[in-house]
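Heads up, the next two complexes both have chain A, just with different partners, chain B and then chain C.
For the complex of A and B:
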C-alpha cells in the first residue's frame, strides 16, 4: 500500500481553497468534510451536486469553490458526473482539451440522496466503472428541510418526522456494504473530526481510478440539536464509542483504519448520545434503559464480529 | 439522387450520424430503441467517432446529456413516452443550463392504461420546459429535422436543447423513401460544434445550475430563456432557407397545404397530417374548399405564421391527438389563445380529439369533421368538443368488457 504523507496534523495542507462566508449553519459538519476534500483534491475539480444542504453553498452570484460546480437534481448527480467525465474524455481524445486542463469529477450529495433517491444512479455509475469521487456528507436525516428521518437516520433518533418517545423506529441503512458489493475501486467512511484518517483516505483515492466512494459523518447542530461548538467533540465521540466505524474497502477487502478500544475500555454510546437533543428522550424524563442497551449491544456486536 | 427506404427511426439515426455527434447517453424504450441500436452498430463498426453509454434510467440519461453538453461536446439522446416523463424533472432542468443538444422523442401514448402506440401527450408534457420542439410528419422530415435542430439549438442567439418528435409506429417503423444528404452537404450546413463559453475545464472555473434566492433573479433567468426561445423563430426561418439552398428541400415553421383559397382548414401536428392531406384532396374533388395547416415548429410557437395562414377562414377543425384531462385538446387551446385578438380570425374553431394511443383517424372521419366545421361556420354555432369514437368501436369495446367483467367506476 502506498505511503501517505500525512503523519501528523501539521502535515495537512495549509492552503484552504474553499472560501469562507458560506450560508452553511455554524458548526456544520458537512462543511468541515468538504473543506478537507478541497484541501487535498485542489482546484482542478468539478463538484456535481444533488439537492441537499450543500446546494446552498453556491447561490447566485457567489460560490466558495475555486473549481467548477454544477447542480443537477436530487436523484441524478452520479449521472451528471458521467456526462461530465465522458465529455472531458471525448474532448481530450479529440484534442479539443489539453490533458492538463482535465478535472477531477466529484459528486457531492447528502444522505437523503445517497441512501435513497440517488441510489439507482449511484449503482449505475459504479456498474459503468465511472472514474469519479463520490462524497456523501451524512447528517443522518433530510437536513435542509428541517431534519426529517431518512434511510441514514440511526435507530432511536428523534427527527421532525419521528418525534415520538422512542425516536426513529428504523435502522440506519448499511450503505457502505451496499456500495462495496458493487466492487468499486474504493469505499471509505470518514469523519471530519479525524482529519488525518480522512486526509490519508482522500489522498489514497485521489491516486486511484474508477469509482471512489466516501461516506463522511456530518454532525449537524440544527438537526441533532446541540451547541455548534460541540461538532468536533461529537464527531470524535462517534468514532471513540464505536458508533461510526472508520473503514475502507479496497481490492475486495474491508479494513478498519482506526478501531475503538476494547468493549471494556471504550466509552459507552451514552457519552455520544447524551450530548445530542435528538437522543434526549433516552435520558429524560426517565432513562430508557432498554433502548440504550439495544443501541450499545448493536455497536458491541458490530465490533465483536470484526476480525 | 436516389432515395433510400428508411424507417422513421432509421432516418433519425442517419441524421444523427450526419450531425457528427460526440456523445450518446442512451436508454432503451419502445418504440425508440431502434435509433440507439442503429447508432450503436455504427459506433461499433468505427463509422461514427462517438462515445455511447447506456444509463440506468431516462432521468440519468437526460442528466448526462445535459452535463456533457455543458462540458462542451455535441450530444444526442432519444426516448419515448414514459421515458420522457420519467426524465421530465431533468427536461426542465437542463433547458435552463442553455447547453444545446438534440433529443428525439418517438411519441407513444402515456399510462394509464399502459400502451405502445402513439399520441402526443408525451411530447406535449414537455411543452413548457424550454426545449424547442420540431414535429415531423414524414421520414424525410425526421432526417432533415435532426440537422436543423442542431443548427437551431446551437445558434448563439438561441442556445437551447431541441426535441425532434416523430410518431411511434406510424413513422418509427414505417419505411418511406428518404433522400440522404451527402456528408459534404451536411457539413456545409452544420459546422463542428462550437461550445463557445459553455465548458468545464481547469483554470477557467464555471458554476452551472446554481441556486437563486428571490423571485427577481429567478424571473430574470426564466424570461431570458423564454426570449431566447422566441428568437429561435427567425433563426429557424433563416436556417431553413440555407438548408433549402443545399438540399433543395423547403421547410417552413408552419406547413400550409392547399390553404390559399381554402374556407375550411384542418389544424394538426405530426404524421396524421398526411392522412388529412389525403382527405383534403378527396374533399377538393367534391368542390369543398379545404386545406391543412400544420406547425412543424411547436416551440417556439409560430403564432404569426399560423395567424397569416388562418386569416379570414370560415372554420378550423382542430384535430388534437392528445387530451388534457378535464380541459380538452391542447392544440385547440394554443390556437384559441393566439387568435382571440386577431380581427381576421376564423369564424369558428371546432375541437376534435382523435388518434389517442394509435387509434386511426379514417378518411371518413376527416369528411365528417369537415362537414361539422362547415355547418358550424354557416350557423355561427360552435359545437361542443367531439371525442372521435365510432359505433363499431363501441360495440367491440362492449364485447371486450363482457369478457373482462365490468367494474369500471361510473359505468
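For the complex of A and C:
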C-alpha cells in the first residue's frame, strides 16, 4: 500500500471536495477544519451532524457535501452514527452494498454537543467500539444561538451568558483526557492553522478502525470578536503560546505532535488573548494582571508536567 | 406610527443601528419595537432590522412592508433581489443610502418615487468599506430624519455601545454628530395606522403536492455551488501575480476552498464564491494580495 506522507504544504490535496457557497460566516474556522477533513477523507463519507452552526451547511436543497449528510439533535449524533453504521453493515451483509462502496461514518458536532449534552452518547459509542470518526469543531461556545458559554469556553472569555468583566467563571473541560480514558482507537487535537499536522492525523485515523476522535480548534470571528482575516493567525498563536496543545492518543499513550518553545522563549498567552474582543476586558480599561497571570500559570503548569 | 427598515449584511452593524434608533425613540417617550431578522446564513449575508415607534401601543408585528424610511448600509444590496431593500417604497417614503454615488443616479436608475438621500462614507474609512462606524452612522441618520434631538441620540449611542471602550464610544459619538449635521431634520412623516383592530387574515389555500414534486430528492453533491456568496464581499482580495511566490498558502488556508492553483502553481480566486474574509491576504508571506473595496470596482449598480 502506498503511504501518503504530508511533508510540505505542497503535498496537501489540490482538490477540495467540499463545495463553496455555504452559509457559514466569512473566515469561519470550523469550515476551514471541515474542508481539510473532506480533502483527506474523500467523497465516500456520511456526516452525522448534531445541531449547531454547521447544520446550516446543508439547508435543502443546498449542500456542500459530495457524500451524504444526516441531521440529529444536539445530544444524539453518536447514536445516529451507530444507526447509520449498522444500516451500512446490514446492507453489505445482504449484498445490497458492495464493500468497496461502503461509506466512512463521520460525526460532526460543535463543542456544545461534544463537551456537554452529547458526552454520554459519545461515551456509549466508544464503549461499543463503534467504527466511526468523530469531529468536534471547537469554537468554545454555542455559536449558532449567539455564542453563549459551553463547557469548552475558556476561563475569562466573555460570551452572551458571561458578558461581565471577568468573563466566564468556569474552566474549559479536558475532553481529550475524558475521551482517552475510554481507550478508543485514536484521539487527537488539531488546528486548521496547522494543516500538515492535521492532515497527518486524519490520514492516520482514516487507516484505523473503531472510534477515532478529533477535537479541532475552530476560531470564530463572530463569537470571539475579531476581524475574520485573523482566523489562521489566531489559530497559530493558540498553538505557539501553548494554549492549544497538539497531541494524540494511540495504543494507550499520549504524545504531543508539536510542542511550544520553553517557558522563557515562547510567546505569553497575552499575545493570543489580546487579538480577541472576548478577552478585551483583560486589557481595558485596566489590565487585569491577576487573571492574566492565572491563565498563564495554567498553561505553564500544563507544559511543566509534559515530559 | 414611524416604520423604519435598516438593511445591511451580517456583521455591518444594522442590528445595533436599529437598537440605537429604537432606544432613542424610547428615551423620547415613544412606544418602540426593534428587531433584527437574519436568514440561515451568517456574517456577510443580507439581513434587516426593523424599528416601529408610536405615541400609543403598537399592535403591528413582523416585517415592515410599508416603511416610512429605509436605510441601506451597503449599496451592493440594491441590486440583490434576495435582500429585499426596495419593496414597499412609495412616494411617501424616504430612502437613505451609504454610498459615494449621487442621489440622482440612484433615484433614476432604480425608478424611486420618493425622496432619495445619500450619506457619503467617512473619508478615513474608505479602505474598510466604510463599515466600522456604520451602526452609529445609520442609527444617527434615522434619528435625525425622524426629527429626534441630538442629546437623546447621544444618550442612546452611549447606552447601546456601553460594553465598548471609551475611545470607540467617542468615535461613534463624533460620527453621530457629523451625520446629524449632514442630514435634514424631521423630513420623515409618520405613516398611517393600518390595523384599526384585529382583522381576519387572508388565508391562501395551498394544494398539497406529492413529496416527490414539492421536495424532490437531490442526488448531486455540492449543490451549494449554486449559491453565489461572492456578493457578501465588501473588500475584494486581488493577487498581484508578479509578486506571488507561488507558495500555495492562500489555497491551503482559504476556508471556503475557493482559491485554486493553476498547473504552474499560480493561485486563482473564484469571485463568485469568495466571501472576502481576507485570510489569504493576512497569510500571504509575500504580501502579494491587496484588498480593494467592492464599491471601487464599479459595475455594481
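The working rule: the second predicted complex is superposed on the first by the 303 of 307 C-alpha atoms of A that agree within 3 Å, B and C clash if a C-alpha of one lies under 4 Å from a C-alpha of the other, contacts with A are read in each partner's own complex, and residues count from 1 in each chain.
The rule is short, and it goes like this: a contact is a pair of C-beta atoms (placed from the backbone, for glycine too) under 8 Å apart; a residue touches a chain by one contact, two chains touch by 3 or more.
Remember, predicted model here, so these are calculated numbers, not experimental data.
**Student:** After the match on chain A, would you call chain B and chain C a fit or a clash?
**Tutor:** Because the two structures are overlaid on the shared chain, the partners are seen to fit without clashing.
**Student:** Using the superposition on chain A described above, determine whether A:53 touches chain B (first), chain C (second), both, or neither.
**Tutor:** After superposing on A, A:53 lies in contact with chain C but is clear of chain B.
**Student:** State whether A:18 touches chain B only (first), chain C only (second), both chains, or neither.
**Tutor:** second
**Student:** Check the residue A:84 against both partner chains and state whether it touches chain B (first), chain C (second), both, or neither.
**Tutor:** After superposition on chain A, A:84 lies in contact with chain B alone.
**Student:** Counting only touches as set out at the top, which of chain B and chain C does A:233 meet: first, second, both, neither?
**Tutor:** second
**Student:** In the superposed arrangement, does A:274 touch chain B (first), chain C (second), both or neither?
**Tutor:** Neither chain B nor chain C is touched by A:274.
**Student:** What angle, rounded to a multiple of 10°, is defined by the Cα centres of chain B, chain A and chain C, with the middle one as vertex?
**Tutor:** For this superposed arrangement the angle is about 90 degrees.
**Student:** Given the touch rule stated above, what does A:70 touch, chain B (first), chain C (second), both, or neither?
**Tutor:** Touch status of A:70: first partner only.
**Student:** Would you check which partner chain A:96 touches, where first means chain B only, second means chain C only, and both and neither mean what they say?
**Tutor:** first
**Student:** Considering only the touch criterion stated at the top, classify A:222 as touching first (chain B), second (chain C), both, or neither.
**Tutor:** second
**Student:** Between chain B and chain C, whom does A:31 touch in the aligned arrangement: first, second, both, or neither?
**Tutor:** Once the two structures are laid over each other on A, A:31 reaches chain C alone.
**Student:** Give, as a whole number of angstrom, the minimum Cα separation of chain B and chain C in the superposed three-chain arrangement.
**Tutor:** It comes out at 6 Å between the closest C-alpha atoms.
**Student:** Which chain A residues contact chain B in one complex and chain C in the other?
**Tutor:** In the superposed arrangement, which is not itself an observed complex, chain A uses residues 43, 56, 59-60, 63, 65-67 for both chain B and chain C.
**Student:** In their shared complex, at which residues does chain C touch chain A?
**Tutor:** These residues of chain C touch chain A: 10-11, 39-45, 163, 165-166, 215-216, 218, 221-229, 232, 247-249, 251-253, 255-258, 260-261, 270, 273, 275-279, 281-283.
**Student:** Chain A touches which residues of chain B in the complex?
**Tutor:** The touching residues are 22-23, 25, 49, 51, 53, 55-57, 59-61, 63-73, 75, 89-90, 93, 97, 200-203, 205-213, 217.
**Student:** State the interface residues of chain A toward chain C in the complex, per the touch definition above.
**Tutor:** Residue positions touching the partner: 9-10, 12, 14, 16-29, 31-32, 35, 43, 53, 56-57, 59-67, 163, 192-193, 195, 221-222, 227-233, 280, 284-285.
**Student:** Where on chain A does chain B make contact in their complex?
**Tutor:** Listed in rising order, the residues are 43-44, 46, 48, 55-56, 58-60, 63, 65-73, 75-76, 78-84, 86-91, 94, 96-97, 100-103, 120-121, 123-124, 127-128.
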